[in-house]
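Once you scroll down, you'll see the structures, which are given as structure tokens.
Here come two complexes built around chain A, the first alongside chain B, the second alongside chain C.
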Partner chain A sequence: METITKVSIKDKIISEFELSKNSLFGDSTIRKNALDSFAKLGIPGRKSEEYKYVNMELALKGDFAFSSPNPFAAQQTRLSEGQVETASILKTAIVVVIENGVFSANNSRLGVLPKGLIIQNISDATNLDSFKAHYSNYADVASDAFIALNTALASGGVFIHVAKSAVIELPIHIIHINTCSVPTIVNARNLVVVEENAQTTIVESFVVSSNSTKVFNNALSEIVVAANANVKHYKIQDEGDVGNLVNTTQVYQKKQSVFSTNNLTLSGSLVRNNLTIVLDDEFIESHLNGLYLTKGTQVVDNHTLVDHRKPNCNSNELYKGIIDEKSAATFNGKIYVRKDAQKTNAFQSNKNILLSDDGTINTKPQLEIYADDVKCSHGTSTGKLDEDQVFYLRARGLSEASAKKLLMHAFASEVVNTVELEELKSYLEAEISNRFE
Partner chain B sequence: MLSIKNLHASIDGKEILRGINLEVKAGEIHAIMGPNGSGKSTLSAVLAGREAYDVTEGEVVFNGKNLLELSPEDRAREGVFLAFQYPIEIPGVSNINFLKTALSEIRAYKGLPPMEAKDFLKLVKEKQALVELQGSLANRSVNEGFSGGEKKRNEIFQMAMLNPMLSILDETDSGLDIDALRIVANGVNKLKTKENATIVITHYQRLLDYIVPDFVHVLYKGQIVKSGTKELALELEEKGYDFIKEEVGA
Partner chain C sequence: MNNTNSSVTDIESDNAPKGLNEDIVRFISKKKNEPEWMLEYRLKAFAYWKTLEEPTWAHVSYKKPDFQDIIYYSAPKPKKELKSLDEVDPELLKTFEKLGISLEEQKRLSGVESRIAVDAVIDSVSVKTTFKETLSEKGIIFCSFSEAVQEHPDLIKKYMGTVVPYTDNFYAALNAAVFSDGSFCYIPKGVRCPMELSTYFRINASGTGQFERTLLIADEGAYVSYLEGCTAPMRDENQLHAAVVEIVTHKNAEVKYSTVQNWYPGDKNGKGGIFNFVTKRGICLEDNSKISWTQVETGSAVTWKYPSVILKGDNSIGEFYSVAVTNNYQQADTGTKMMHLGKNTRSTIISKGISAGFSNNSYRGLVRIAKGASNARNFSQCDSLLMGDKCGAHTFPYIEIKDKTAIVEHEATTSKIGEDQIFYCKQRGIDTEKAIGLIVNGYCKEVLNQLPMEFAVEAQKLLAVSLEGSVG
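Showing the complex of A and B:
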């Protein structure tokens, strides 16, 4: 009889760290500390309050390789020109390609960068002051196992720096693309620092090159928005049936800054978004918009946290979902209004349409308010398509199918209309139309 | 054009229509009046194809076709139009976009090619003027944030765009001030031809000063208990519905 020793994914990760720690970029103390946190936290199970609606253990079942920072491996791109072209949603953009968690200089299309903009492989940025000042300062390894895992094993990614008062007109499109031929755990890591009074637009998209290899992508971006800066951020997640994506976005805002983000999940076997925005000064504005269209047996889980730490700030959050077939969606929206954060305005809304009897939606707003002079509200709704509306449209000659399509489009448009990049907006409208055919 | 015979309909097991008979010919305007709860709105809902109602007996033939077998959209495509008593608000769906889709689906049903964009826009302009509807309203989301009067005008605007054979106006006068009522009635009158027909459902006689009916029917407890010409409406206005109740009761 054969004895099979089952090695847990946690143990595999810990031994992978020992193997690769000398080839990984950055400060080894940060990594060691992160690994210790990970060892303590472990992969969250179904009993974990924060991960109870996503089966992370199942997503991480089976054999996985790890994304490698090996520069030779990075040179050996599996991407064709055409694949990069397809993934480039925007015709005019600065394109950054992150292939299997590593910055790909060959596939990126940076052109001549405008004045005040630095874009480079994060592994090459570790000596820069702005890197040292911010890297791993915001995503707290003690708070979440996947932040810890990413920080311990980050293979690469991009560092973006926008200098004081620089206005970057062209959007920067970061394409996360997986081309691995075996199931792989990918830990991409990005740091975006937008200095005082600067402006930029960042689009992150997540795609896969083949629809046969399972991928576990644990991508993390820290975004620093300095005083008076304005950052527009978009995320498009479309990894088909093979993608398992845990995507952490950690945002830190200073005085009078404006940050807006739009999270659009079009496909993916499992998608978990952890979005945290810290408003750490006065007169800050934050906008959070999300749209998820789920079907099949897909699981999409959006966890957001808006942390109001100082007075006189506004946050506005709108997440909408259309859930079909046996898919499941979760929205968990936390808003903290700390004791000092008087005169806070914080609004949150989550609306869902359930198209099938087998779909599931879990929605949980969590407001924790410790200041007494604030305006906060939250609302959630889940329902089927409005039958009166369907009937009204049919009574004017529209087929039932086109009436429903029109209504779903209208439902989604509230979020899509917040996309300011026209090219991206038309892309999304077309994608959404296809989905409703 | 429309022939209703012994129509019975119920909702949640409760019978509302108890044997309606009505013949409507091309070129005619029929008014159906009746007290609250007499079944007026049920009749319009059944004709438009509301699924919540069960037709338990009787038949409705529209231009030779069994109307009750058709889906709501096919009824619309055959030329039945219901102006809703309470037009539905549909945020995010533009009035114009939705009418364009409706019109092209109706045309496809009839084997016609889609309308050219510029012809469509011309039609929109022309019909908007008919009900004095501002251009901005036509471009807004369907009925969203419209005043009561604007909603009713929007119904008549849609009717003008779709050019139906049979229009059923379900209490189009409810909640309208006299100016809005005149605009709506004026629109309906301008759309009237020898080929089409109109059923005006109303509680009050006032609307009939503006849309003059050829026939007036009184609906009471799910049946048409009295029919006559426009003078009947005046009589009802004067004596109230109680006199009908007494007559029927007697």
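Showing the complex of A and C:
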């Protein structure tokens, strides 16, 4: 009898590392360490508490190639000018294109960079002091298998540095675009360092080209916000049916800094967001907003962790979702207040609307608190569209469909209104309208 | 209550040897003169238990008990039929008296309107069941579990393990294999139980684990309010307690189950204390039935307890009211599960956690709305109060919804006692300690109001005692 030996995805990843380790950028000990950690953790299964509601093993089933830093690899050459154009939501922005996990200089539109701003291929930045001081310092490879995987196999990405007191007016738009011709695991890695008193706005979007095959995108961004700095961060996830996205954002904040993020999930077969914000000094402010609109058989899993390490900080979190058809959405938010973090104010809210009989919502808001002089709360609610509200609008002459549309718009607007970029806001509003047609 | 706990009742125990194996299971079964089917059930559970590993997901850390270092059976001997309280071992009565819940008092209460029937359990064997006659007139069966096995095997066979099967979890399997005794209660069709039924559990002999099993059945249209109180004398060793409680309600029936748990929490340095790993679950089997859990948890070194309700019948109602207090090095991971299966089901969860000293107090709860459980409604509120900066309060709610007509809300807050509140009290001549007692009682009022009167008074005192010395 013939025996078929199937190579597990974990073993494949480990052997891929052996093959490609010499062509990858950066410190080899960091990579080796990450791989060891990955070998120990493995792909999290359904029994894993952190990945309880999302089937990672299923998403990684089948044969995968790996994103490679080699620019001559076949899958690197499939991007056309028009595709970049479509993906550029912002008319005036510094556009960085990351194609299949590698910084694409040809397609990026950097123009003349304003003073104090460095944007370059992450694999060319490894000798910079600011790279060495921060790279892989925040995303802990021991804590999560996908952080470990990314750190071990990161093929490329962008390094952004905003110098002390520089105020960057133009938003920086990082477009992660996948154009793979065969199913591929893409490990893009970005590092954003914003120095003291500096300000910037960063938009990350995740899309695939129309000719792309199934892709497993394991993207990781580390963002360092130094004292008094102000960073606005947006993520737009729109990878369609072929996209499987694990998106880790690791934020580290210092004294009196302000960081706000908006996580907007529009499509994707599977989207898993791991957002961790560490507030490692006093008087820090963090704002986390999220909106997810799911349909079909989509699975969206939002994981957030706000780690209050020092006193006198504020964090505010609002995630909203509209779930339709057979899709499933999860919100798992954790607020962690350490022993020293007195006078912490931390608030978290998650609201969902379930439109269909086959949809699923799982929410798991968690508070873990070790300091006593704090004000922390979380609230979550799930329901259908309020029939009284629908009735009110219909009594005023609106059709049932447009009444519902209006209410869903109103529901989503609480998050959309926190978007400060006008262009982005109107883009989102249009997307939401299309969705409810 | 601290001082009253510090004594051990001298009743000779008829112990099984230490350790756990098939022979011990057989020994327990034989000791209790059980029929063959019961022994088979125990052995099946034991075989299954051996395949399991201890769960580690709870937010608690402790030295795992050595299951081979526990005495699984200890019964006070000798046992003869007692007609009046005078015949009860005076040592035992003294212990009860020290706790302020003496049988004498219960007896006296019997002359008054509010009556409580007590099924006293000392180290796993029912010593005395009072008020049996009054109850049997109504057709109510209220006896020890082993008695029920002998006298009502059909009921036991029909219901035992239907709500908490031995495959449910590690401790439920262990309990099914080695349970020593417990209480059994059956309320027949249309009967409203005329008095509060009550069991006082005590763990007594050193090094014995207590594994009781309670089964409560309310037939069509029946009502019963059941009280469970627990307290244990001071012991240095950690003692294991793994009980199982099952409740079944039929059409239009209602069960109210109240617990005050005051087991020895260990000393100020976290030495000793009870490990309390309990599986409690009720099922609203048929339409319009209701199960309500109320608990006041002040004792135990480690608590791991999730009284749950399966809302199977249409229009059924589940409730969970809880106050959990942890002080010194106590750890509690407690909450509830509400499984909505039937249509128009409703559930309410009110949980109040108070942590002081070096303790950790977690709420962990699940609300699940199954597909087709239309118009389900849940409201949860979990508040935590922190006293001091060395303790922790945590909330881990799980909400899983598969039906679009469900409306589910969850709220949680964490804060400390306001300085202005204490100031206000002090200004009016109330010292800090008393002020805190007052504020804490107010904070827990929603839950304490659910308790029967006698219990509410005891619970209030307990809260004050548990938090003694936690401030200033």
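In this section, the second predicted complex is superposed on the first by the 428 of 437 C-alpha atoms of A that agree within 3 Å, B and C clash if a C-alpha of one lies under 4 Å from a C-alpha of the other, contacts with A are read in each partner's own complex, and residues count from 1 in each chain.
Everything below uses one rule, namely that a residue touches a chain if its C-beta (ideal position, glycine included) is under 8 Å from a C-beta of that chain, and two chains touch if they have at least 3 such contacts.
What you are looking at is a predicted structure, and each value in this text was computed from that prediction instead of being measured.
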With both complexes overlaid on chain A, does A:Lys32 touch chain B (first), chain C (second), both or neither? neither
Tell me which partner A:Lys132 touches in the superposition: chain B (first), chain C (second), both or neither. neither
When the two structures are overlaid on chain A, which partner does A:Ser413 contact: first (chain B), second (chain C), both, or neither? first
Touching A:Ala395 in the superposition: chain B (first), chain C (second), both, neither? first
One more residue to check, A:Lys61. First (chain B), second (chain C), both or neither? neither
Contacts of A:Gly379 with chain B and chain C, given as first, second, both or neither: second
I'd like to know which partner A:Lys40 touches here: chain B for first, chain C for second, both or neither. neither
More chain A residues in contact [chain B versus chain C]: C
Once the two structures are superposed, pull the chain A residues common to the chain B and chain C interfaces. none
Which chain B residues qualify as touching chain A in the complex? 48-51, 71-73, 75-77, 81-82, 84, 87-88, 90-93, 97-99, 101-103, 105-106, 109, 141-142, 158, 162
Within their complex, chain A touches chain C through residues 49, 339, 342, 352, 354-384
Where on chain A is chain B touching in the complex? 386, 388-389, 391-400, 402-403, 406-407, 409-411, 413-414
Can you name the residues of chain C that touch chain A in the complex? 57, 371, 384, 386-416
